[in-house]
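Common to both upcoming complexes is chain A, partnered first by chain B, then by chain C.
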Partner chain A sequence: MDLFDNMMMGFSVAVSWSSLWACFIGVTLGTFIGVLPGVGALAGISLLMPLTFGQSATDAMVMLAGIYYGSIYGGSTAAILLNLPGSVTSAVTCFDGYPMAQKGEAGKALAMTTLASFIGGCFAIVLMMTFAPPLVAVAQSFGSPEYFAMTVLGLLAASTLSQGSPVKGIAMVVVGLLLGLVGTDIQSGVARFTFGSRELLDGISLVVLAMGLFGVSEILINFTSSVFATSRQKVDTSWQAMWPTKREWKDTSGSMARGSVLGSIIGILPGAGAAIAAFIAYSVEKRVSKTPERFGKGAIEGLAAAETANNAAAQAAFIPTMSLGIPGSATMALLLGALLIHGIQPGPLVIQTDPDLFWGLIASFWIGNLMLLVLNLPLIGIWVRMLLIPYHILYPCILFFICLGAYSARNNPIDIFLVIVFGLMGYGMKLLQLPAAPLLLGLVLGPMAEEHFRRALLLSRGDAMVFLTEPISAGLLATAAIIVASTIWSSLRRRKRALADTAA
Partner chain B sequence: MFQHLSKLAAAGAIVLAASAAQAQDFPTKPITWIVPYTPGGITDTRSRLIADEFGKALGQTVVVENKPGAGGTLGLEYVARSDPDGYTIVYGTLGTLAAAPSLYNNLRYDSLEDFVPIHMMGSSANTVIAYKDTPYSTPEELVAYAKEHPGEVTVGLAGIGTGTHLASELFANAAGIELLQVPYKGSAPMLNDLIAGRLDIAFDYPVSTLGHVQSGAVKVLGVTSEERLELFPDAPTMAEAGLPDAVTGSWSGIFAPGGTPPERVEILADAFAAAMESEAVKDAFEKVQSEIWMMRGEEMSDYVAAERDRWTGIIEAAGIEKR
Partner chain C sequence: MTAEDPKPPHRIAGFNTLELAAGLLIFLLGVVVAVESLTYPFGTLRNVGPAIFPMLLGLILAALGLAVVFEGRVSLAVAPQVPWRAVLAICASLGAFALLIDSAGAYVAIFALIFLSGLADRPYRPVTLLCVALALCVFITALVMGFRGIVNIDLLPGA
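Entry: the complex of A and B
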């Protein structure tokens, strides 16, 4: 009954007026920060952190955590309505969310997103409460060979993300990998492909790339197409039109279950993060779907899987952060910094020394997720009205926010230049029908794959067998091999059959 | 209204009353303090805290602005080219002022000519930590083991050219041992591998290691400070372990662009000293086991110059390639 006692203690902390208020402020601000393109949780939390200095440690953490997962909820809004990933995590939401909006189903897409986010978040919280210690052990057992094997699987998934020609998909993954090489080499400290520019020493920012490839290019495409002149269709935001039908619930329930599990597992691993969780859940969904051709054209299952996964991962990321004191991402590192300011030493002992903080925070996640659900459903009606703003007013505003978001990440004008360059590149890619998603995933996974491959070899003193002797890594690599083999097998059989058909 | 308030605040700053009266023409507008690291980190939050007290003592707002990139050198470059009027200052460190000249190509500043030291902030030692089941528990035992097994002990680096990397180079150099360096992207993944036993030892700041030492996940072999640290009373210093050359601390201070009028530098230094002596700042430094350092003027410029020479030698000896 330990768990029950812990939860009761948690809720007794989290339902205090001050914590409820902190939670409400956190998730509300988070939602709005998430909606703004390019301004993610990281910027939001660092700007608002000074506000929490006067609060108790628990209230401060509740509020800052609320900004974090709130922004992941909010990030989907701009992705669905404008094809603009408000944060990296919602890049996957663009794939099917935006086509749904183009079909006039913006309300439904937003409602589905909110519900899926809620379900994914809740699943991860349950997991966190019941299995935190064994999960920590899993996260700990992930060394460089395991991370490398995971990125191999991820890269395979990346090349299947796209529509149409697999060759184009693979080519774009490679372009992403190449862009990922830009910057300082972790192993040697040598600058690569920076062309003497010291601004590029830290590499190309994923947010900048995503905003350029998706957001800016979308605006350019619309300027040159006839869509610009046509009148908009009105979006039905009545309850009946938005709430998923029985059939849609049935179609998405499997996706949400898979998304929750995948998101939670990936979220626990330090360094993997919510964006990768969403990418992988989406490509798994496309693989198991009987109608994979619908993906990218407004498949509600793809949207549901990505949203459950990224929110599950966002919550699960707190497991290593709080129980090990090891932050999995920059945002988590910030939250640990906030703990330090309040004089609490993050680390494995936090659960024992400050149980009210730990369990109170977890209980607040429930409350926060519930608040987000209540907050976001009525807001849909307001958000979709954004689409009624004429393009000639809306687009300059969006471009302004994109540039602002790009600049604010590190107060460096070169990022504005880069976002425009990537926008033009994205425009060219759209004309050539080259998919942008695999490129994005290549940039995320490439540097990870290289880093862990080289470190694994360094630690094994150059013995490449380490990837096969470690059980988890061997299992992941075997899965990758099976996927490749089955893809080749099925395409060979198809070709054989096609040949037989023409012969007959 | 605003002027009225700022006058009141100036009057409230007791330490400064005299010097503020002497040079009332400065500062008449907010001071921009460039912190060349990402917002939210320990450096940034600490600067914001100090900025608050600093502003109170100056009678002017001090605005912290983050300009991260290239290990902090982009922010330094920005300030080196700012107007030397005292209204733009920068957070300078061992990394950006002593080590960076030997680590980066095309660095667009000279640590000594392009900056005037205003006041030191503090210095933070490194802890030498090891996986809990390693066969050594003191610096001497580590050195003896590494001499028997050259190149076998793995040492984690939080990044090439970071303060912790330099401290480990210094240690290996002083002890005459060869370690297998394993670079990471920051300290968190490095500690994760150390706790799991995939890595043998690491150098890191007390603020990151304390929790893991307390929980018994890692053991602390020694500290690089001159005196023992309160939080790790049993950990010997490098000097105690017979390695006086391995004593080091990551220092930081505030600097103005070269050519800033000396009387303005004085006003800033007086106010900064008052801020460093405030209770809030003292508290914050104690929490992360950083030492407050009340150094300024010529003493500080000599120190920075000596540090630059010292690290240039160490980095050359270690054979770290410029980027």
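Entry: the complex of A and C
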């Protein structure tokens, strides 16, 4: 069987010492980042990305992916013990996890989230193994018009489905696309938007932008909101207290199944992401439950559903990213950026040109999830102690790693100054409530979008209607148009209601 | 948890000032981009030059900026208090590291970074910062020694 052969090849790559090591480092650092409140997955990945430049492309992807899903595992710890989500994805985990901790069941809640995360992750990996190849087969028949249309749709969906104003989301995508164009135009050799600077001829470095936008500005934002909490909660980490009883297994099996399916589906969609998946799974569970009044007061089903869903979504997000080359979230955009840095053009051809990377990455998901299970269940005590690290020790260290990462990329201090500029920009955007994630998506996809746009016109001999006469491209663009129209409609409606409220 | 902010949003002629600023900034950026792209070759529709794509994006961005302004009419956004001390301290610490790393080496740069960044937080904790700085110096020494040739950072001035 084909799939079997591919997976065997994948495992042969993933169990090599270097990949195992990369996977271990990735999931450990990821859990660490997830546990620490105030350091998100995005900041973590941008900080640690320079670490992967010396590695092979496969090891780099294995490690970065490990950081990502590891951080989602770890995010629940702070959510349960401090009622403070370590990352946005575990916001829903607070609803029932924290009440459980207050009832003295913190150990059980932590164990449950780990098991639920594992189950959700595994379900989504199976889905990826079965669905990615057919998706790739479809995408391989795509030409430039289809690609351009798909990119437009992906960007619009990702920026409008996330929280906050969709108009601002789209605006930030456009800013990102423009930032992606800075530098020498490959086709004509014209230097664009460099304003005479030689440093900008190579374009804006993804690492530098991400470090400023998510690393530095996150620290500044933490100083603005200034809620630093550290946990003094006692956690009973004995096996007996942690392992779910037979009854609890029975209660949660349905929630985990629903959470896995919902999470995977939502994870594939661009823009929705793990946080929304957890939220939807939680509300579904509340509706299905015979005792909905227990939710929010320590219902283990709610916890299980949210955690399976966010991990399933996190893994499923790799499906469009790896098979189509269209990232659904800023984190996925960073991973695509890492691929580009390693000289691999993301898209449906990856599975053919670099099968060891593709299948090795999937195989590493199994290994990584297993490692996380081992890492989290017996070692929960250590992670809990991590929460004791006060922020006044943490942020100078983060600043140091930002400097180290930005500087070591090409030993040029200019890059650190650029990090400051992007950090201030990110902070300003935060103050004006402009989302930063769409900007990163735009930056990564900008050059590809333009290239496909030009190539489509070249191949159609300058017929701009080509985007609408090709059926697939027309369908994708029509969907994009529907998204824009519904956005405008809903924002007008909201406006009318708000105006009516103020008039009343 | 977070209390409802009682402060009413600042408004200019009915527009929420914060949203007005955001929208106008986006609008201006779009205009600047569109104007700047006029200086690049346009090419033909068949062979699209480097001006077309940024030109389109700039125009779209300008339109979106105006949309943000109008959307912001009903917004209740309020500007948070900016912690200037922290912003300045953190930028200064990063800047100091950038200025010192090439000329004075990593140890000096780390001490400058850590002690300046400590100014962001109150109270100032010199002992804690000293410990952090020393730990990071040990870390970078191990890194440079362990990955000789991969991590090329001078530890001491002129080394």
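Definition applied: the second predicted complex is superposed on the first by the 278 of 504 C-alpha atoms of A that agree within 3 Å, B and C clash if a C-alpha of one lies under 4 Å from a C-alpha of the other, contacts with A are read in each partner's own complex, and residues count from 1 in each chain.
The working rule: a contact is a pair of C-beta atoms (placed from the backbone, for glycine too) under 8 Å apart; a residue touches a chain by one contact, two chains touch by 3 or more.
Not measured: the values here are computed from a predicted model.
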Touching partner for A:M371 - first (chain B), second (chain C), both, neither: neither
First (chain B), second (chain C), both or neither touched by A:A210: neither
First, second, both or neither for A:I276, with chain B first and chain C second: neither
Which superposed partner A:V27 touches (first chain B, second chain C, both, neither): neither
Which superposed partner A:A306 touches (first chain B, second chain C, both, neither): neither
First, second, both or neither for A:F400, with chain B first and chain C second: second
Partner chain in contact with A:L324 - chain B first, chain C second, else both or neither: first
Partner chain(s) touched by A:L178 [first = chain B, second = chain C, both, neither]: second
Comparison of chain B and chain C by chain A residues contacted: C
Touching partner for A:I67 - first (chain B), second (chain C), both, neither: neither
Contact residues common to both interfaces of chain A (with chain B and with chain C): 187-188, 190, 411, 458
Contact set on chain A toward chain B in their complex: 42-43, 45-47, 49-50, 140-141, 143-144, 184, 186-191, 196, 198-199, 201-202, 270-271, 320, 324-328, 330, 333-334, 337-338, 340-341, 343, 345-350, 410-412, 451, 455, 458-459
Complex contacts: residues of chain A adjacent to chain C: 54, 165, 167-168, 170-171, 174-175, 177-178, 181, 185, 187-188, 190, 192-193, 216, 219-220, 223-226, 391-393, 395-397, 399-400, 402-404, 407-408, 411, 413-414, 416-417, 419-420, 423-424, 427, 431-434, 449-450, 453-454, 457-458, 461-464, 491, 494-495, 498-499, 502
Touching residues (chain side chain B, partner chain A) in the complex: 38-42, 44-45, 48, 65-71, 73-74, 77, 103-108, 154, 159-161, 180, 182-186, 188-189, 191-193, 195-196, 198-199, 207, 210-212, 214-215, 217, 284, 287-288, 320-321, 323
Touching residues on chain C, where the partner in the complex is chain A: 18-19, 21-22, 25-26, 29-30, 33, 36-37, 40-41, 43-50, 53-54, 57-58, 60-61, 64-65, 67-68, 71, 73-74, 77, 79-83, 86-87, 90-91, 93-95, 97-99, 101-102, 109-110, 113-114, 117-118, 120-121, 125, 128-129, 132, 136, 140, 147, 150-153
